[in-house]
Structures are given as C-alpha cells and as structure tokens.
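Read through the structures below before going on.
In the two assemblies presented below, chain A is common to both, partnered first by chain B and then by chain C.
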Partner chain A sequence: MTTSLSQYRFDWVMPEIVVCAAAFLVLLTGVYSRHKRSRPIAGWLTLGGLGIAIAWTWYLRGVGGDAFFGAYRVDAFATFVKFAILIGAAITTLLSMDYWQNRAVQAPEYYALLLFATVGMMLLTGANDLMTVFLAIEIMSFSVYILVASRRDDQSATEAAMKCFMLGAFSSGVLVYGLALVYGATGTLLLKDIAAAHAAAAITEPLLFKIGMGMILVGFIFKVAGVPFHMWAPDVYQGAPAPVTGLMAVGVKAAAFAAAIRVFSVAFGAQAVDWQPVIWWVAVLTILVGNFLAITQDNLKRMLAYSSIAHAGYLLIGLTTGYKVSGSAILFYLVAYTFMNLGAFGVLTAVSRGDDELENIPQWAGIAQKHPALAAVMALCMFSLAGIPPTAGFFAKFYLFYSAIQAGDVLIVLIAVLGSLVSLYYYLRVIVVMYMQEPAGDAVFGGLSNPARVGVLASVAGILYLGLWPRGLLAWAESAIHTLF
Partner chain B sequence: MITPHHFLALSGVLFLVGAAGVLVRRNALIVLMSLEIMLNAANLALVAFSRMHGAVDGQVAVFLIMAVAAGEVAIGLAIIVNVYRLRHTIQVDALTSLKN
Partner chain C sequence: MYIVPWLTLVIALPLGGALVVALLDRTEDKLIKGLGVTFLTIEFFISIPLWTGFNPASPALQFVEYHPWIESIGAHYHVGIDGISLLLIMLTTFLGPVVMLSIWNAVEKSAKEFVVCLLLLQTAMIGTFAAANLFLFYVFWELMLIPMYLIIGVWGGPRRIYATVKFFLYTMFGSLLMLVAIFVVYKTAARTFGAPMLEIARLYELSFDAGNAAFLGLSTQSLLFLAFALAFAVKVPMFPFHTWLPDAHVEAPTAGSVILAAVLLKMGTYGFVRLAMPLFPQAWATFAPMIAVLAVIGIIYGALVAMVQPDIKKLVAYSSVSHLGFVMLGLVTLNAMGVQGSVLQMVNHGLSTGALFLIVGMIYERRHTRMIADFGGIARVMPIFTVFFMIVTLSSIGLPGTNGFIGEFLVLLGAYREAFARFFDLGPAAAGFPGGYFGVTLVVLATTGVIFGAVYMLWMFQRVMFGPVTHEENKNLRDLSLREIIVLLPILGMIFMIGLYPTPFLRAMETSVDRLNQHMNSSVAASAPASPALHGDVAVAALGAPDSSLGEDAP
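Up next is the complex of A and B:
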C-alpha cells in the first residue's frame, strides 16, 4: 500500500499543531528573554496560540473524518469538546498571569506546560485508537504533574504533586494493562475494529476482553475522580496553585469524559449491559460521597475538590443512561461547568496574595464590603454550581436529569437531586460568610489585575449567557453527539 | 512448548507484583519502580499477543509505552528529589500536611 502525506490529514489537526508550536515558542522566550520586564510575554504568546487554535477549530467545524488511518478522528463531537477545553485553557492562562505576577515569578515553562497539557486534552477528544487514548492521557497527565509541582519551594504543592503523580501513574498502569488485554482478545487497538471483532464473534477469549474493558473503565474513573478512586483529588486540588486546580477540575475532566464516551460508545457499545450497572453504582457513590464530604470542609479549594467529585458523579449519570439520550446533556454540562468552576477559581486567584493563599472559608468573612464585585462573582459561581436558575448550572443539571428520566432511571435522579440539596448547604455557606459576617479586621484581600479581570468576566458572561439562552448551545451539542453513531 | 498463556500468566504476575508494590511499599523510589513493573507487564502481554496474532501493531505499541515509561521516570524522580530537598525524607507516609 502506498501512502501519501495527504492521507494523514495533517490539515485536520492544525489546531493541535498550532498549540504545540505555541508551546515551543513560549519555551524559546524563556531562553532569549533576560529582562524581567519581558517575562509576561510568555503569557501573551500562550493566549495568542490558544486564540489561533480556537479560530482554526472554528474554521474546521464543518469537516471531519478519520485521520492518521483511523487512529485519530475529527468530528463535531471532538470539535465541541475542543472548544470547551481551549476556552478553559485561555481563561486559565489569564488567571495564571495574575497568579504568578503576584508571586513575582514569570516562568515561561509554566505556560509551555499549560499548552502541552491542552494539546493532550485536545488529542484525547479525538483519540480513536486505544494507544492514542493512552498517549494523549499521558501527554496531558505528565504536564499536569509538573504544573502541580510548579511552586517548587512550597511543601503542600510538592506533596500534592507526589500524590498526583503516584496515583495518576498507577491509574495509567491499570489502563495500559487493560489495553493490552483488549488487544489480546481482539487483535486490534482501533476502537471501531474492536467493535467489529465483537460483532463478527471473533473474540476468542471473552473473559480476557471483559477484564481488559473493566481495567480501562477503572483507569477512566481514576482520571475523573469517581468514587472509590477519588482519594487523590482533595489533596491535589488543595496543594496545587489555584489556576492549575481550575484547569484540572475543568479541562482534564472534560477531556477524560470525552474519551470515555468515545471509547465506551464506539468500542464497547455492544457490552453496555456489562458496564452500565457498574457506572450506575459508581455514579451514586460519587454523588453521595462528594456532596456529604464537602460539607465538612473549611478549606475552599478542598471544598471545591469534593464539589468537583460530586459533579463528576452527575456527569456519570449521563454515561450510565446511555450517550444517545444523555450525550448532548453531558456536553452542555461540561461547558457550563467550565465557566462556573473557572469563575470560582478566578476569584480565589484574585483574592489570594503571596504566601497566604486565603483558602479557608472563615477568612473570607465580610469580603463583600471590601470587594463587592469579587464577592458578587463568587456568589454567582456558587449559585451556578448549586444549580439555581437563571445560571448555566441550573440548565446543565436540568438537561442531564431530564435525559435520565427519559431513559427511565428515576431512582438515580432522585439520588442526584438529594445530593444537589445537600450541596446547597456548602455552596450557600460561602455566600453567607462573604455577605453576612463582619470582616475579621486585618484580612488583606487582593484585587483583580487586568488579565484576570478578562478571565473572570468571560466566565461570568458564560454563566449568564447559558443560564438565559441555553437553547443554542444545547442544539449544537445535540448535533455534535450525533456524529458519534 | 511455551504458549501465549505462559506469557500471559507471567505478565499477570508481574502486574500484580507492581500493583502490590505501589499499594504496600512506602518508599517513593520503590513505588516508582513498582509503577515501571506495571507498565512492563503490559509490554510483555502486548508482545506475546502481537506474536499470537501474527501482527506487529502490538510491538509498535510497546515502543510507545517504553517512551512514556522513560518520561514517567524522569518526572517521578524530579518530584521525589524536590520532596527530599524540602522534607529530607521520601517516605510516602510522611506526606501528611494536606488535611482540612
């Protein structure tokens, strides 16, 4: 078989290539810029690269098909999630510029790693071969391990990096062994060929196949921090720099869910009776554990970590009721979650200064008097995370739960609504502390710098837009999910 | 006669040894080595299956996994060195500052 370069379809992966090139350019600025004044250029270059990638993804939104001989796929589904990831990465960059400026560090390699993590996430959305899935997860995870450790002289950041690395590498080990077993049972790593092997009854070792599928599922549950593999998330979220935590909660989760949907709908769609009950129980446990443990948290980042575990549980409902009914609701939820979570982390970034990260909720007493705008944004994000209209979070939950009812699974919706009621307590507690308590006196809060102001405003705009006019995005999500089957 | 089942059994044992090492041992370096054993268990299985199916794609995957494993060691060691500089210990048990 003769192949030509055009068959690889490099033109379809140009957004990924642009982000990669921007990362290398950012690394070069670290070599060539000696002056402290020129350091913020790394952040602006990162934003430029992400902007070009967003524009190019928009340009490519109509095209699609198998690239790299089936190992990678560009379709409306991947494009949709790529938008969410790129916008999340851009907001994270804006927040990072604020975060590092206040700590008098402008490390270009931080932005380069942020871009490499973004490339990994983008590749994960289109990965159409188990090996591509594994490599994309590793590109993303390796960058995130280092990003978590980027405050090198901070004990808690280092500890978080160690835990993130060890459990992340462990889950990758489980995933890759599952991949090997599936290869053994089917003789292929391509998702659609795995499904074809099953349809042709060519699987000689069904037990091997099922164990492999189970291990891949465990690997994904680790990545999205589902119970019982959630233990790493609170520690890592607490110790990592606030913008990195935001990226982990938003981008990593969106990419992992996109890959899980593709793998389990394309390759293991015929085995749905085997994995759906497992995910059902994982979803129930994740919702309950995430929400009930969040109540007792005093540390805001730790509370948001448990809240993100709970949100992963809501998203898992979408997987268990089937992507055909819930797929568009999952996609809508991922976008809404991106805006509301990054808004909260944006305020957290703006408020914290220097060594005192001001992460404990009691420290936020009376912040509404000193910084009414910041407090209002935080309150909006908390309302949205709790799912109160007219915010993005309300419609995200509404569509997801509605699709589960359509699929006939009322019990899990009842559990999820119960979990949401519990979540009201800890989200509203933040608002009560901010608005109804007197300032502690000597508390010094920071303010927003210009880049962070843009990032936070973008999040607020997203939350309100999706809360008031959700139909447009939902229609797009519905058309996107149809490219999967 | 050594069949694919023998290789599969060996790789399964290797994987369990690696997983047990990660979960039981408390020295970060030993944990890192155990993580590598897990990846190599997958490599052995892939090579054996590749031979069994008479295709090379499993062996190509092994090269990619080896590259990933090398990157993993580099990052893991860097993090362990950093932890040692700050705390003068690499016992995983000693990392308990992140609590509510």
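Up next is the complex of A and C:
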C-alpha cells in the first residue's frame, strides 16, 4: 500500500507548522543580525507568526478529521483550544517585549522557546494517540523549563526552573509509565482503539490497564497543578519572569485540560466510574487548598499561583460531571481565565523594573493614586478572578457551576462556591491595598510600553466582552465539544 | 412596547454619565461634581414618566422591554416594573441628585472616582429593581457591591477597611448561597418548561403543584428558601445578621451611608417580596413565624441598642435595624394593609434615615465629631438646622402627619388583624402568620418598639440640640448653607406629602401587593394539608438525584 503525501493532511496542521517556522526564523535572527538590532525583530516576528497561525486556524475552523493516520486529530474542539492558546501566546509575547526591554535584554531564543512551547500546547489539543500526547507534553514542558530560567543570573529563577524541571520530569516519568502500561494492556496507542479494545473485552490485563490509567491521571493532575501534586506551582510561578508565569497559568493549563478531556473521554470514557470519584476528590481538595493557602500569601505571584490552583480545581469539577454538559463550560472557562490572568500578569509586568518585580502586595499600596489606569485594570482582573459580574470570570463560573448542578452534583458546587467566597478575601486584598491604603513610600512603578498596552487592553476587552456578551463564544464552545463524540 | 424605552434610559443614563465623568480630567473638581448632579437630576426627570405613565390598576409588569441576550441559558435583558418596584425606583432616582449634591464639600480626595462610583451604583440599584429575569437580577445585584465596597473602603473613616471587607464578605456569603439555589431552581425550571427559563414571573409557577415531581416540593423549597432568605436577610439586615451594618454605616462617608440606608437595605426586603416569598410560598409559610420573631427581636433589640449609643451615626444605624424589623413584620402579615405598609415603610425609611444621615454628615463637617456628648445647645446656634433636624426626627419616630406614621401604623394594623383573626372571627389568617397568643404577644411587643423609637430619638435630639452650650467650639457653628437647605428641602417635602396624603403612593402598589398576597395565600392553600415538618432526607435526595452520568455520555 502506498501512501501519498496528501493522506497525512499536512494542510490541517499548517498553523502548527507556521508557528514552528516562525520559531526557526526567530532563531535565525539571532544568528544573522547584530545583537542590538535583533531586539525588536524577534518579538515582532513572533507576533507575526502567531498572527498568521491565528488566521490560519480561523480559516480551518470548519474542517477536521484524523490526520497522520489517526495519531493527530483536527476538530472543532482542538481548534477552539488552539485559539485560546494562540491568543494567550500572542498577549504573552506583547508582555514579554515590554518585560525584556525594561531589562535591556532581547534574546531571540526566548521568543523561539515561547513559540516552541506554543507548538507543544497546540499539538496537545489534537493529540489523538498516547505517543503524540507524550511528545506534545514534552515539547511544551521542555520549552517552559528553559523559559522559567530565562533570567539566568537570578537565583530564584534558576531555583524555580530546577524545581520545575525535576518535578516535571518526575511527572513525565509517571505519565510515560502509565502510557506503557495501557499500551501493554491494550496493544494500541490510538485513543479510539483503546476504547474499542475495552468495548470488545479484549483487555487481557485489566489491573495493568487501570494502574496505567491512574498514572496517566496523575501525570495530568501534575501538569494542571492539582492537589496533591501542586507543590511545584507556587515556587515556580514566583521565580519565573512575570510573562512566563502568565503563559504557564493559562496556556499550559488550557492545553493540559484539553488533552485530559480528550484522553479521558475518548479512551477511558467507559471507565468513568473509576476515575470520576478520584477527580471529584482531587477537585475538592484543589479548591480548598488553593483558596485557603492563597489567603496568607504576601507575594502577588505566589498568590496568583495558589489562585490558579484553585481555578484548576473549579475546572476539574467540569471533568467530574460528564462532558456533554460541562465540556463547553470548561472551554469557556479556559478562555475567560486566559484573559483575566494575562491581564493581571500584564499589570505585574508593566510595573516591574529591573531585578525587583514589585511582587509583594504591600508594595502596591496606593498605586491607584499614581497610576489609576493600571490599578483599574488590576481591579477588573481581580473582580473577574473572584467571579463578580459583569466580568468574564462571573459568567464562566456561573456556567461551570450550573453544569455541575445539571449533572446533579450540588455538594461540589456548594464547596466550590464557598471556596469562591474565601477567594474573595485575597482578591479583594489587592484592591484594598491599591485603592484604600496610602502610598507607602519609595516603590517606583513603570508605565506600560506600547506593546504591553495592547496586550493589557486586549485582556480587558476580553474580560468585559465575555462578561457582557458571552453568547457567541458559548455557542462555539458548545458546538466544539460535540465534535468529541 | 413603548415608543421611548424609559426604563432602559433610567437604567443606562447613570452608566453613560459614569463613562463621561471617567474621561474627564481629575483636577476639574467642580465640573465633575456638577456633572454628577446634572446627570442624576436629568435621571430623576426622565424617571417621572414611569410614575405618570404607570397604570396602577394593572397587575402586569409595565414598561416591559425584552431583548434576547444569552439565549442558550435563558438569560435575557428583560426589565419591567410593578407598583412595588416603581416606588423603590422613584425613591432611588429621587435621592440620587440629593446625595450627589451632599458630597460637594464632603469629598475632597479623588472626587472623580467617587462620582463614578455613585453613578455606577445608581445603575446597578435601578437595574436590580427593574430586572424581570433572574440572571439579570443577579448580575445587577452583585454589581451593586463593587461601587459600595469602594465607597466605604476608599472614602470612609479610620476603620474603613475592616468595615468594607466585612460588608463585602457578609453580603457575598449570602449571595453565593443564593446562587447555588438559583441553579437548582433553574434546573427544575428547565425540566418543567422544557427549555432554559429564568424569567422571574414564570418561575413563580414552579411552586404551585406540590404533587408533581417536576415542581418544587416543600422540603426542596425550604432549603432553597433558606438560601435566598439568608442572602436577603443579610442585606435587610435582620437580626442576627446585622452586625456588618453599624460598622459599614459608621465608617462610610455620608453619601455612602445615605445610599446604603436608603436604597441598599431595601434590596433585602425587595428581594423577599420579589423572589424569596413568591418563589417559595409554602416554605415562606413554614418559616414565617421564625421571620416574625426575628423581625420583632430586631425592632426591640435595634431600639434598645440605639438608645445607649454615644455616637449619633451609630444610633441612626441601629435605628435602621429597628425600622427594617417593621418592614419584615409587615411582609409576614400577607394582607393588604400590612404589606402596603411594609412597602411604604421601605420608602419612608429611605427618606427619613437618608435625611438623618445627611444631617449627621452636615454636623460632622462642622465639628468633625459625631459624639452626642460633644454637642448640646445647638438649637441656639443653628436655628434653621434645628427645624430640619426636628422634622426628620419626628418623621423617624412616626409622628402623625409625617410619613413614618403611615407606614408603621399600617404595618401594625395589618399585624393586629392577623394576630386577632381567630379571636374576633375576622376570616382566615394569613398563611404562616403565627397564631394565637403567641402572635398577639409578638405584635404587642412590636408596638412597644414604636415607643422605644420615640425614646432614643428624642433623647438624642434633646442632648444634642437643647440645654446650654457646653462646648466652646459649638458657639460659632455656621447654620445651614443654601446648598444644604436645597439638599434637605425635597426630602422634607416628601415626608409631609406621604404623611398627609399617602393615597397616590398606596394606590400605585395596591394591585401589585394584592397579587403577591393572593399568590402567596392561594399557593399555600393549594398545597394543603401543609405539613410544616421538614424532611431533610427527601430534600437531599431531590437535590442530589443525578439525571445524567458520564457513563451514558461517553461513546
């Protein structure tokens, strides 16, 4: 049997290819241009690549099917998440340009890695066999490890990168072990065939299969920083440069959730009774631990790390209750979360100068008086993260919790709602400090440079638009989730 | 449909004003405040067509506007008013310019943000009163919190941060539990109507048929009612959920206190009237005795605590707890007199307590103290002020001829009618009103609250205004300026207008109140024989029954 090139469906993965090509191009600028001249070029090239990828993804939004003989799948679900990831990456790039300009460094390899991480995330959304899942996770993770360490001379960044790498490698090990066991039990790596093997009762080693499934679950919980595998997140979030932290909080999380939904609904859908209770408990613990530990944090990035753990907990609720109802809620939530989190990290990027990232909350005292616009954006993001209307965060939570109620799970919604109540305390604290305290002293705040301004404004627009007119995205998310079945 | 969308205009104008003000230069202090006053004055004038165009004979929602918003979950921009919301919207738009004018000298620090907050608050409050869709209601309800939180926290007194965080967390605790209850109602509604449904008026139908499994049974209703009631009880505030109120009031700037007392507290009682009661009539009947008891405790406790306050503002704050107790008691009666009195009392409390806070603010601006002991003999120094203060005090006490009398009198009359219904053969008592000697005792106790009210107000007035001038600083206090007189005069006018000729106000809400009472009493009667016992296990089963599981969804 001969296979022609067209059967691989390279045309469906053009966005990924474009991002890849942009990454190489960015690397080349580092080689061929003098160090100083390359400064703006790398960032703009990255943006250009992402822009083309966004346009191409939009162009491909209607098509879909199995590519590469089933190893990769392009469907509305993957396209939806890719959009979220690409937009998140574009905003991150804008913020990064600001961040590195203020430190008089513009390393092309930073942008190249950012693009490679984006490719990994995109591949993860469409990964349709276990090997692709693993490869995509590794492409994403390795790029992120290096990005975390991109402030080379900073001790805490290096420490964070080391921690991120060690624990990430450990979780990858667990994941790959799980993949191997599942492969051993079913003899296939394709998600569909795993489900088929189960349906045909062709699994010879059910125990191995279940252990493998459990290990894959652990791997994913690691990546989304769910309790009890959340320990790495606060340190890493704190040590990484602000834009990278933003990317980790939104892009990595979106990609990991997309992959988890696909793997667990397509391959392990029939075993829902086994893994749903596990995720239920993980979700509850994640919500409680994330919210309660966030209260005591004085460091804004650490606080946002715990808050992102808590949000992972809310998202996990969606996984416990059946995808047809809550899959679209998860998708909507991921997009809303992208905007509100990147808005917050955008402000954080904007105010930080030099070594001091001004990440201690008390340092923010009274900035509303000097920088009303920055404070207003931060306040909006905090209200959105807390889930107060009319922001995207409110509607996302409303819809997610509602989908859980529809599935009949009132208890977890009560827990999540009480978790949200706790979260109000630490989100409000930022607003209290910014608006209600007198300026403490010598903290010098920078303004926003133009690229970062665009990034932050895009986030604000996203928060308000999705809060007031969620209809369009919601309909899209609903139709996207149906392509999984 | 109306040619001019008055209701939307009234909701949107302050929002537009807030955007305009937000674009101005923050140093243009007078221009910003002037614009704020202008916007809210226009706002009041464009709300007048709501009053004149309202047909009091019709029980239907009026000035209805309906625009699809998020169809897939049944959330729509659907606004409309009945007599009860009309009165409260008029109260809000009426007080708007007054409050805005009162900040003229009081707010120096970042006046622009303050004006923006007040304008946003106005939109959110009116939106809450006008919402006919539960989702829209919740959005406006929550939206209200943000500006108020900032007003207390940024422009408040020394303990403002503690006060504002407490205010926010208390309110949100109730609201979030209500949100969970809304989800359950929503799920039931979706099953009953076969489509996502959040229209408040349609949701009332859920309670009717207790026998049908798709409808809300008593045990489910009770849990849901408690969740809604908690959200509203915190806001009212009912004893024992009132502890945030004195803190918030004392720390808030004058304008914040006025809005908080005059309108925000009404959100709680309005929530009972619009949602908690008609959505869950049988549950209301079950819990009504408890609410009556809490209301009476609130009346007496608020009055007693007010009596011993050394701080005028705190005294007024506790008097709110007492006055709102009357409002809640009126709601429990479920007869025309009691509920009309209750709604009127909401308006009255807004006017008189709002005016009291304005007066406290005026005197605070002069002396920078609110302690009763720091005053004395003010009547000799500030004669015009004394006249205003006296009238407002008497209105708060409920002297015949002022608005306070009509409200309290009707509430007590309604309560006595229910309490004595079975002794004097007055026909069936209202659903859930505590019967027998217990009910009589409650009503008698509530009546003593009127006396206590006179005691603490008059005693305070005497200590502040009469006697010799004991403090040197008080000898040269300026009397009210023209601006301050303009601030107080309209409120005084309304105090007498309602006091002397309440008919138009009562007529406006008559039909709506009748409809509520009828809905409540007939739903409870329809579900008889009502067993007041709670079956918690049934409720949990009803809530927890999964109707879809992942096993079925998966391929």
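Here, the second predicted complex is superposed on the first by the 482 of 485 C-alpha atoms of A that agree within 3 Å, B and C clash if a C-alpha of one lies under 4 Å from a C-alpha of the other, contacts with A are read in each partner's own complex, and residues count from 1 in each chain.
To be clear about the criterion, a residue touches a chain if its C-beta (ideal position, glycine included) is under 8 Å from a C-beta of that chain, and two chains touch if they have at least 3 such contacts.
Source: prediction; values computed, not measured.
Legend: residue contacts after superposition of the two complexes on their common chain; A:Phe394 is shown touching chain C, with no touch to chain B.
Contacts of A:Thr296 after superposition: chain B is touched, whereas chain C is not reached. When the shared chain is aligned, chain C comes close enough to touch A:Val273, but chain B does not. Applying the stated contact rule after C-alpha superposition, one finds that A:Gly226 touches neither chain B nor chain C. Shared-chain residue A:Gln238: touches chain B; no touch with chain C.
Of the two partner chains placed by superposition, only chain C is touched by A:Thr321; chain B is not. No residue of chain A lies in contact with both chain B in one complex and chain C in the other. Within the complex formed with chain A, the chain C residues making contact are 26, 69-73, 110, 113, 138-139, 142-143, 145-146, 149-150, 153-154, 160-161, 164-165, 168-169, 172-173, 176-177, 179-180, 183-184, 186-187, 190, 543-551, 553-555. If you check the complex, the residues on chain A that touch chain B are 131, 134-135, 138, 142, 145-146, 149, 152-153, 155-156, 158-163, 165-166, 169-170, 172-174, 176-177, 179-181, 183-184, 187-189, 234-235, 238-239, 296-299, 302.
Interface residues of chain A facing chain C in the complex, by the touch rule stated above, are 195, 265-266, 269-270, 272-273, 276, 321-325, 369, 372, 383, 388-390, 394, 398-399, 401-402, 405-411, 413-414, 417-418, 420-421, 424-425, 428, 431-432, 435-437, 469-471, 474-475, 478, 485. Only residues 4, 8, 11, 15, 18-19, 22, 28, 31, 35, 38-39, 41-43, 45-46, 48-50, 52-53, 55, 57-58, 61, 64-65, 68, 71-72, 75-76, 78-80, 82-83, 86-87, 92, 95, 97-98, 100 of chain B touch chain A when the two sit together in their complex.
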